[in-house]
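Input: structures, listed below.
In the two complexes that follow, chain A is the common piece, with chain B as its partner first and chain C second.
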Partner chain A sequence: MWMAGMTFSEKMLKIDRRIIFLMIGLCTLLPLLYPVGLPIKTSSEVRGVYDHIESLPEGSVFLLSIDFDPASKPELYPQAIALLRHAFKKNLRVITMTLWVSGTGMADQLVTQVAKEMGKENGTDYTFLGWSPGGQAVIINMGQDLYSAYPSDYRGKPTKELPILEGVRSLKDVGYMVSLGAGRPGVEEWYVFGKDKYKFEMGGGCTGVMAPGLYPLLRSGQINGLIGGLRGAAEYENLIGKKGKAVAGMDAQSATHLAIIALVIMCNLFYFSLRQQRG
Partner chain B sequence: MIFLRRQLPLLITLVTGLLFAAQYYVPHPASEQMLTSATKWLQIVGGFALILGVTSLFHQHAVKIRRQEAGWGYSLVLYVGMLGTIAVGLWTNGKESVEGTMTAFGWIYNYMMVPLQGTMFAILAFFIASAAYRSFRAKSREAAVLLVAAVIVMMGRVPLGEYLIPLSGDVSSWILNVLNSSVRRAILIGVSLGAVALSFKIIFGVERSYLGGGKE
Partner chain C sequence: MPFEMIVGAWVATGLTLLIFSFLYKDNPLFKLAEHLYVGVSVGYVIVKTYDTVIVHLVVKPIVENGEIALLIPVAIGMLMLTRYVPKAAWMSRYAFAFIVGMGAGLAIPRTVSSFILKQVEDTIRPLLSMTGSDGVTFSMNLLNPASHLNAIIILIGVSSVLFYFFFSIEHSGVGKAVARTGILFLMISFGAGFGYTVMARMSLLIGRLTDLIEFSDTSYGRPTVWLSLLTVGALFLLARRGREQPPDIH
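Entry: the complex of A and B
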């Protein structure tokens, strides 16, 4: 609240937070309504995932674990769509699942939607195994015996009868695996309990805020690529040549980042000016 | 009774702890079979843990409603929401859609849970901006370093930032790949060593807090 006798700097430091909310709201809304479409550079982290999928021969087994719930949908949903489009385009055998119970319905819709768009058939070209309780225990169980962890798929069909799983007994038979994680269980659990023991190649995807925490796994080669946040999704959309929601959202993200930087600079200017006034 | 409450759990922890630590290094089929069975059991126990969690949540909020404690109305909303969802879920056999048609359970998921969770996450951006304005000040040398690094990474992670300052992308990448990775790795090693030490303490019965309180 502004009070009489306050200096300009003091007033600005105590600015009504609704003004900041309005500024952020406008920075998000206006670029979505009037996109600019600035070029997006591809990072080596995202290229790692893309190049590996690109190198897989047709019919290879690709496992996508959709380890997030609707709260992280804006960042991770576009990543999942781009990855699935790429995998289906390459005619890989796509196995999808989730370790997050609250994400099951969303994951099913996502997989069904992209498969339909790419003309793929459930059970033959792809499957959605659904959710199974246990978190990391599911990963170990899948590494030991996939049919024990998932006796049936999400639609209730026995997994042993699915043509897509022919020759797949455990995680050892997976060609490439990507976990799109918004927390725990997620990328780290898949590495610790999955890749480390069952020796499959894996990549990761995560929210922007989680990405710095996964860089050590990337640098040591424990994961061969990382798609971080909406930016990572936008890079992947560019790589597969099908722009979607992530590319559309990058202008809004650019504007909000710049707005926050401007706010931080302003707040520091007012802070130092106030300190100088007070001696 | 002390045997059942104290010594038996300690014995089970010791035996299973050592057994499964050793199992990782023994690729014999019998050892692998043991792991398969144990993880299957873990999954089953995980399922029961869900029931335990829901029961505990119900109990906690029932007490709040009965005593009419502050905010008991929210507990009532929780009860209605949870019981309603469970009832609808059982009625539709847990299916969100049947042959392409959305069920009532699917409607709850798509039109209540998805937007509610999305909204909760989305409003974070507004609070982060407000909090950054109020508290991200270079009050000390360390805070100034953190501030400069944050500004560079924020610039380098968006196309507009890279367009305005072309070098920001590379500098941001270097900060994440070199500075961030090395510090994070040091933390991870420390945490992991701590976890190993704690595991040994639990296995050998030095750390017993997991047994809970009660009489000896």
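Entry: the complex of A and C
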């Protein structure tokens, strides 16, 4: 609370936090209502995933593990939509699944929605296997025998009868795999218990919080690409030429980042000015 | 527009606004939404786990396909429940021993291989490249993660941070300079982590606001507008009631 006799710096450092919330809210809301269309540069890590999917021949097996739940939807849902659109456009055989029980319904809705939009048929062009308990044990089990890890798909149809899984016995038969992870199990588990053991190529997608922790895997070539947060999703949407919610959110993201940088600088200026005044 | 979509939009908008009301101050509306979130999440997980594990992976294969071998993991799992019976609680140790033993056996070799050996291998990269008979090359491109300059930076960073956490000798003289360098690298790492965290949190806000904008459309019945007014009104009434009631002093 402001008191009489307080200097400007003191007043600013004791500003009501709700004013800052309001500022950040406006910085987010206004660009969403009136987009500017700031340019989006594609990073090499996002291009790594795109290029690999682009290089796959038609009919290759693409496994997408949707390892997140609605709490991370704003960041990872646009990534999943962009990846599925790309894979369906390339006529790949798309196998989807989740290691997160709390994300099962959302994952089913996501896959069904994109497949319907792209005119793909369940069981023939794609399948959603659902959730199976065990986390890393499921990955190992899939590496040995996919049908033992998932005897039936999400709709209860026996996996051995699905035309899309013809010729697919285990993870060794997967052409490319992407895990979109919001935590554990996620990208790291897929690398440790999947790729490293069964030798298939994989990329990753993650929330912004997790991205710095996954860069070492990218640099060492353990994963061949990484889509980080909403920014990564926007880059992917740009690459496939179908702009969605991620691109729409980029102006707001830039505006809030600028606001936060300005607040950090101002806070430091007021802090040092106050320290100088007090000697 | 399907009816369930409209209902979903109203529920999502209402709960978002109730959660956002915490930004003003802690209040019963926020508590209501918070408890609903916890209850619905736990309920959903219990139902999905029961349906997938008990019904589809245990009962159906045993009853319909006669896969009797599944009774072994079921029995091991049931041993966990003996913890609720004090006299038989010792039996749960066998189940725990199985889980710990199997988990450690699976995780240790794979983790050592993936996170320690592979990362050490990547850290110790050649600082110069030999290019045929011409001699050595050194790439200075900071933007290329595989450049020689970045290999040197990583080497300095890893060594100085490891030294910073080496407490057996006093950090003085040259040691102090190396430890300080380690702190510098740690600060840069924390800064990058914080930057990404801010980006992630802002993305979540963008996600909710995008939905609120979408749900302000007439096709949904403008839930954003009506429920915003209702939330603000409820907050106003709660604030007024709080002022009228004397504080409870015990």
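Keep in mind that, in the parts below, the second predicted complex is superposed on the first by the 279 of 279 C-alpha atoms of A that agree within 3 Å, B and C clash if a C-alpha of one lies under 4 Å from a C-alpha of the other, contacts with A are read in each partner's own complex, and residues count from 1 in each chain.
By our rule, a residue touches a chain if its C-beta (ideal position, glycine included) is under 8 Å from a C-beta of that chain, and two chains touch if they have at least 3 such contacts.
All values reported here derive from a predicted model rather than from experimental measurement.
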{"item": "Which of chain B and chain C A:Y191 touches, first, second, both or neither", "value": "second"}
{"item": "First (chain B), second (chain C), both or neither touched by A:A248", "value": "second"}
{"item": "Contacts of A:T28 with chain B and chain C, given as first, second, both or neither", "value": "both"}
{"item": "Comparison of chain B and chain C by chain A residues contacted", "value": "B"}
{"item": "Partner chain(s) touched by A:S43 [first = chain B, second = chain C, both, neither]", "value": "first"}
{"item": "A:M106 touches, of chain B and chain C: first, second, both or neither?", "value": "first"}
{"item": "Partner chain(s) touched by A:S152 [first = chain B, second = chain C, both, neither]", "value": "second"}
{"item": "Which superposed partner A:R219 touches (first chain B, second chain C, both, neither)", "value": "both"}
{"item": "Contacts of A:N141 with chain B and chain C, given as first, second, both or neither", "value": "first"}
{"item": "Contacts of A:S132 with chain B and chain C, given as first, second, both or neither", "value": "both"}
{"item": "Shared chain A contacts, counted only where both chain B and chain C touch the same residue", "value": "21, 24-25, 28, 73-74, 101-102, 105, 132-133, 137, 140, 197, 208, 211-212, 216, 218-220, 229, 231, 253, 256-257, 260"}
{"item": "Partner chain B, residues of chain A touching it in the complex", "value": "13, 15, 17, 20-21, 23-25, 28, 38-41, 43, 69-74, 101-102, 105-106, 108-109, 132-135, 137-138, 140-141, 144-145, 148-149, 197, 208, 211-213, 215-216, 218-220, 229, 231, 250-251, 253-261, 263-268, 271-272"}
{"item": "For the chain B and chain A complex, residues of the former touching the latter", "value": "24, 32, 35-36, 39-40, 42-43, 45-47, 49-50, 96, 106, 109-110, 113-115, 117-118, 120-122, 125-126, 128-130, 132-134, 136-138, 147, 150-151, 154-155, 157-163, 169, 173, 176-177, 180-181, 184-185, 188"}
{"item": "Chain A-facing residues of chain C, complex", "value": "23-24, 41, 44-45, 48-49, 52-53, 56-57, 61, 106-107, 110-111, 113-115, 118-119, 121-122, 145-146, 189, 192-193, 196-200, 202-210, 213"}
{"item": "Touching residues (chain side chain A, partner chain C) in the complex", "value": "18, 21, 24-25, 28-29, 32-33, 73-75, 101-102, 104-105, 130-133, 136-137, 140, 151-152, 156, 191-193, 196-197, 207-209, 211-212, 216, 218-222, 228-231, 245, 248-249, 252-253, 256-257, 260"}
